[in-house]
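Just so it is clear, A, B, C and D label the chains in written order, and each chain counts residues from 1 on its own.
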Amino acid sequence: MSKTGQDIISKMMEEDKFSQWMGIDILESEPGYVKLSMTIRDEMVNGFGICHGGITFSLADSALAFASNSRGSVSVALENNINYTKKVEVGDTLIAETEEIQNGRTIGVYKIRITNQNEDLIADFRGTVYRTDRHKT
Amino acid sequence: MSKTGQDIISKMMEEDKFSQWMGIDILESEPGYVKLSMTIRDEMVNGFGICHGGITFSLADSALAFASNSRGSVSVALENNINYTKKVEVGDTLIAETEEIQNGRTIGVYKIRITNQNEDLIADFRGTVYRTDRHKT
Amino acid sequence: MSKTGQDIISKMMEEDKFSQWMGIDILESEPGYVKLSMTIRDEMVNGFGICHGGITFSLADSALAFASNSRGSVSVALENNINYTKKVEVGDTLIAETEEIQNGRTIGVYKIRITNQNEDLIADFRGTVYRTDRHKT
Amino acid sequence: MSKTGQDIISKMMEEDKFSQWMGIDILESEPGYVKLSMTIRDEMVNGFGICHGGITFSLADSALAFASNSRGSVSVALENNINYTKKVEVGDTLIAETEEIQNGRTIGVYKIRITNQNEDLIADFRGTVYRTDRHKT
């Protein structure tokens, strides 16, 4: 029996130790879509007292993985790009929301907006995934 | 007295808690250049038993921050992009090496190759930074 | 007297020989925004009978130039990225519409959606520009 | 009988009207590789008297198409990104040279450096292609 998108995302989150370390919460999910949140902790800052860009990117990357894999096939990221539009500091709560702009048999493309608790745009991300023949079990 | 590139990079590493969490080592550095390594730990894998893309990206992002800031001005990332060319597993040791392709007064552009212990290309990254008026102290 | 966004865009179009060659029409414009159209001609196709990717990109790039320069400062592109989501053929009419996601003093970031006459998404583009001290006259 | 990479590239160039309009010359080619040149004409400049970014991009895009298709399968571009590092003016001669960083069964990734007649780096490009089941005939 094939899994629903929500089952797939829940199971991915359970097995994803780095998303757990980041403290990611799944706010909403449906096939091809996910909305995530996380709060920036002291251990995520770089030498300027601001959040390491890799953390913001990793939140988007988890959203990409959850949204694309929720379509049923195991999907792997090919290319990702991100613009940073505002700095992130300790204590900020980030929200990542996906938009599926291509849902092909072998290729998927997703845009992800990251905003903070004031609804300011923090980063804009786009990712391309390859859908393999394997299915999530 | 202005700091040398190496001093700047050492000080950034001391203050960068996320790069410390990743276990990044600075193998080589000079103004506008850095070579880093890290080893993938169990807590960095995602639901497929392979390394979360955000970890590979974050290594490149730390390399970008170190190389660009070592030029003396505080630099902030504008846009980053990455292609993933091979999967990364627990125990792999990654090397990130930068190439400065633009060193302007206000804009810097860096390419970063990430390879594993077998010298396979893992990921290819390019980042654009904006150099502020502030200097590293 | 400073020019309005529309004046700047009209003047840019008059002087832009390649946008003229492409047959670009300005459908709408205001400061920081533009909507353009063009129709694919026989001389724009590549060896597969489909439109050269460079044409689709160039339409987005003209939209980026018009929207960013309409803010008053001479802006130059730093980085552009594009995903192609559907093929384009001779006779198709493309629409490019911009969204300004950052309008800083020195940096601007714009997203551009390209659709065809059936409102299918053809390509998704994001561009980063640097605003110089020079003003459009 | 399958075609060689050079035969494929020559045939593509013959059928590619936009690459012909640009005045592209094939300097070197082998499977997975191509080196192209073109000279900037008056009709390629934008409103600043400098070359339209779409022209520089289109040269890289032709190089991507030629290099990737020379592997034998019909390849289509998924994502392309470019950094512009120096302005291009009328009369400049540009050289585009490819580097194949991934040559998979279904995915190919190519980096392209564009330089001018003084060997200055003009732009740095990376493109991801999907290889279809169809073969060049």
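The criterion applied here is as follows: contacts are C-beta pairs under 8 Å (C-beta built on N, C-alpha and C of every residue); 3 or more make two chains touch, one makes a residue touch a chain.
All values reported here derive from a predicted model rather than from experimental measurement.
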Fill in the blank from the handout: By C-beta contact count, C-D versus B-D, the higher one is C-D
Problem - Chain separated most widely from chain C, comparing mean CA positions - result: B
Practice task
Could you please state the distance in Å, as a whole number, between where the Cα atoms of chain B are centred and where those of chain C are centred?
Solution key: 33
Problem - Rounded Å distance, chain C centre to chain D centre (Cα mean) - result: 21
Exercise for the section: Quick one: report the Å distance separating chain B from chain D, using the average Cα coordinate of each chain. Expected result: 29
Fill in the blank from the handout: Where chain C touches two or more other chains simultaneously, the residues are 78-79, 81, 83, 109, 128
Fill in the blank from the handout: chain D contacts chain C in the complex at 11-19, 21, 42-48, 52-55, 57-59, 61-62, 65, 74, 76-84, 87
Practice task
Mind listing the chain B positions that touch chain D in their complex?
Solution key: 81, 83, 85, 101-102, 109, 111, 121, 124, 126, 128
Practice task
State the interface residues of chain A toward chain D in the complex, per the touch definition above.
Solution key: 78-79, 81, 106-107, 109, 128, 130
